[in-house]
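Right after this note come the structures.
Shared between the two complexes below is chain A, which has chain B as its partner in the first and chain C in the second.
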Partner chain A sequence: MRGKAKYSKKGQIGLIEMIMVIFIVTVLIVVGIVFYTGVLKQSIQKKGGEILSQKAEVELRAIQGMPEIECSKNVRREDCIDTLKLLIAKEVIDGEEKGYYATIFGRKRVLVKQVYPELQGQVENQECTQEKYNQEVYPNNCDTWIIYESRPATITEVNKISVPVSLYFPNAAEDRKNEYRIGELIIESYR
Partner chain B sequence: MKKGQTEIIGLLVIVVLLIFIIILFVTLRTKPQEKAIGRESAYTASLLTAILKATPCERTDTIPARPVSIEEIIRRGIPRQSTCGNGEARQEYLAKELQIIKGRVNTNQKVNLQILIKNTQNPQDIILVGNSCLGEKTVERRIITGSSSGQQERFEMVLEYCTT
Partner chain C sequence: MKEKRGIAPVFQYIFVAIAGIIILSFFVQSALRQSNISKEVGNIQTVNALEDNLRALEVATNANKEIQLAAKQGITVNKPVCGVLRVENSPQIRTQEAIFSNTELKADKLKVWTVSWEYPYRIMNFFFLADGQTEYIVQGTGRLAEELVGIQRQGEPCCDNFEFIPKIFNVKTNSYTPQSGQVKKYVFINQEPTVAPAPTAEVLKIQTDGEKCDEQGNREDSECTGVVTFYKEEGQETTVFFGKAMLYGSIFAKDKKSYDCSLEAAFERMEKVTKVYEKRAEKLFAKDMQDQLSPNPTYLRIKESLHTLITTLENKKIKVRQLTQADLQEIAQQKEIIQNLNEVLRSEGKGQVF
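The block that comes next holds the complex of A and B.
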């Protein structure tokens, strides 16, 4: 009876020891898995962000070269954006061909903003429209041209990317001169 | 195998596992970040083109008034009958305008821009806006030839871009 009790106690200790070892190893494995999954998730999110950013870069370049907005003089293409074309492009893009442009751009907002020279008065973020164009003070009465806009019902994330561009203001009227200003072509991608 | 040896082997397995996890953690944490060099290069090239094309003022001796570009001011100097500055010299006028452009274009605190225009034949004819980048930078250069005082001159415009 005495020997049996001693054997049982030794066995219990062995069992507890084994359980503890299994427990520690399991904890280590679980911690490893959790850590690895976390790192993997972070890396996938980062990669996803990079891909979106690269896609937006490509789109920025493509938009800059779109004949709808690009400058051209005597059929020769120039490295700038024609602001007069921008006014018409908005109408074209928002018109019958909206579906075509929606397949190209998706859920985005594409705009051009003048940054230099700084405009006097309260014209910050004022959209340039045909109406504004017909005013005598144009182009000093607005600084933004929205080319395309399609917002989802709910926005969880907005990625903004921009590139400096040369803005060309053609001599459309006798009293207006050809001039160049500095602007930014901005793409806001919605998720 | 004795019991003591088994225990030591068990301990070794745990130590090896711990070391493996630590190595994995350190490796993943110190992985170098990739830089979007292509983007910076495209940005500087576009900005330099836009700056040179910009027409901040106009000639008043022509009908209609003809806009004067920054490239033209670098190449030929400030036209006498123009709205460019208030009788300032080319250097002062350009330094002032480039400072405004730099401030308006670069609203991102993490980006550092430096604009330099130098006359390659006259080391004293130099315009410098902004501080130089300390780390890795993207540089865009343009050569502009002109003659402001009857002599052939050669200017170099350099735009430095880096993230801080």
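The block that comes next holds the complex of A and C.
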């Protein structure tokens, strides 16, 4: 009986040893996997951010050249943004045809802001609307045109990018006909 | 007693073997998953590269490029449904672009050409994609056939004065003797086809309305209209084209079904852009009314004409697969009216609508 108990204990110790070794190896592997996944996740997030900003840059150029907002004179393209079209874009791109343009823009906020001459006081950061357009003081009563806006329910990252643009004000009040101002086209990409 | 003494080591071996198998299978599974992920990442990178390149080229009036892909990959365009792009087994992405190409492409370097489509105002860019597996053989006696291939004429510099299919595509002319093996697309301009369609030979006939498609006299591209016939072994199908960019589209589209997909995308965008101009005309009229006692009625006329065009496009979009020459004439006439009214505004010194 003594001998039996001795062999059994040896076996048990061996088994416990083995379990311990496997347990430690498993713990090491799990720690390694957790670490690797963490690093991988970080690098994917970084890559995602890079792709997002790269896409935003491409988008910036593409939006500038969209016929829906680009200037045209006698059918020919002009290197500027038509502010009258921007007012319409709010109605069409961000309004009645939003479903169509959502495929093109995705989760973004696209806007144009006048930067020079700089409008100060109450009109600063005021959105240009049809109502403001009808006023005698237009375009000195607002400085922002929102072309498109679609935010996800939860935002984890916002990538903001902008480019200077020339703003064209067609057929405004007689003394301001064909006026050009300086603005910036801003894209905020959401993730 | 002997048997009992042996239990522990045997049990140990079994235990180690099971644990080893579990650990090994875990690593094998991880490796397989990793390989699938990297394949998927490669596909997504290709889709991204394709999307970004197309979007970047969208601002160009006429540009071409060879897009280098990560590896030789299969790309499906407008298949199984219109307006989708897919690389290998990656999830398909929706696109609003008008892409004229074979429905199945396989390449590590994709050839892309883009041309702005104006009818009469700029609407969007058309993209022509090819993988280099198809030879395009343009045949015809008129000037257009020569222009498409970019043939230099005596005393004329090639090819500053006219648009032609870029050299990156395998475009050949009448005198070329086709080699066996490659898929050929025979394009007959204003002449009856002399080649029968076969599995490796696609046949297309382009019949232009008069001589409006060549570039003599610096004609507007939107003046170029006509009828396209896709010849198949089982029969032929006919449709129309509006503008020179769409003529190029018929050359690069796999068949009528694929051509119609892009036509649908083009009509959809034309409707949206026309809507912008309709509202622009309305606002210009309102502003004119605010500024003076007698506002210019041309703004209202052009607004009405643009509205009629929107209604026509909405109807045509539905029956895009059965477009006839009558539809072509209807849209061409409306375009003419709008263009003339815009010209009236210009001559009167008023702000133009487009």
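A few points about this structure:
Just so we're on the same page, the second predicted complex is superposed on the first by the 138 of 191 C-alpha atoms of A that agree within 3 Å, B and C clash if a C-alpha of one lies under 4 Å from a C-alpha of the other, contacts with A are read in each partner's own complex, and residues count from 1 in each chain.
In this text, a contact is a pair of C-beta atoms (placed from the backbone, for glycine too) under 8 Å apart; a residue touches a chain by one contact, two chains touch by 3 or more.
Just so we're clear, the structure is a prediction, and the values are computed from it rather than from any experiment.
By the document's definition of touching, of the two partners only chain C reaches A:11; chain B does not. Applying the stated contact rule after C-alpha superposition, one finds that A:55 touches chain C and leaves chain B untouched. Among chain B and chain C, the chain that touches a larger number of residues in chain A is C. Of the two partner chains placed around the shared chain by superposition, chain C is the only one that A:133 touches, whereas chain B remains out of contact.
When the two structures are aligned on the shared chain, A:88 is found in touch with chain C, with no touch to chain B.
When the two structures are aligned on the shared chain, A:155 is found in touch with neither chain B nor chain C. Residue contacts after overlaying the shared chain place A:30 against neither chain B nor chain C.
Using the contact criterion defined above for the overlaid structures, shared-chain residue A:68 touches chain C, although it does not reach chain B. Residue overlap on chain A between its contacts with chain B in one complex and with chain C in the other: 25, 54, 61, 174, 177. The part of chain C that touches chain A in the complex is made up of residues 1, 4-5, 7-9, 11-12, 15-16, 19, 23, 48, 52, 55-56, 58-59, 61, 94-96, 118, 120-124, 220, 268, 272-273, 275-276, 279-280, 283-284, 286-288, 290-291, 339, 342, 346, 351-352, 354. Touching chain C in their complex are the following residues of chain A: 3-4, 7-8, 10-12, 14-15, 18-19, 22, 25-26, 29, 51, 54-55, 58-59, 61-62, 64-65, 67-68, 70, 72-75, 77, 84-85, 87-89, 91-92, 96-97, 100-101, 103-104, 133-134, 170-174, 177. Residue ranges of chain A in contact with chain B, taken from their complex: 21, 24-25, 28, 31-32, 35-36, 39, 50, 53-54, 57, 61, 79-80, 115-118, 163-166, 174-175, 177-184. By the touch criterion stated above, chain B contacts chain A in their complex at residues 10, 13-14, 17-18, 21, 24-25, 28, 34, 36, 38-39, 42-43, 46-47, 49-51, 53-56, 58, 64-67, 69, 100-101, 104-105.
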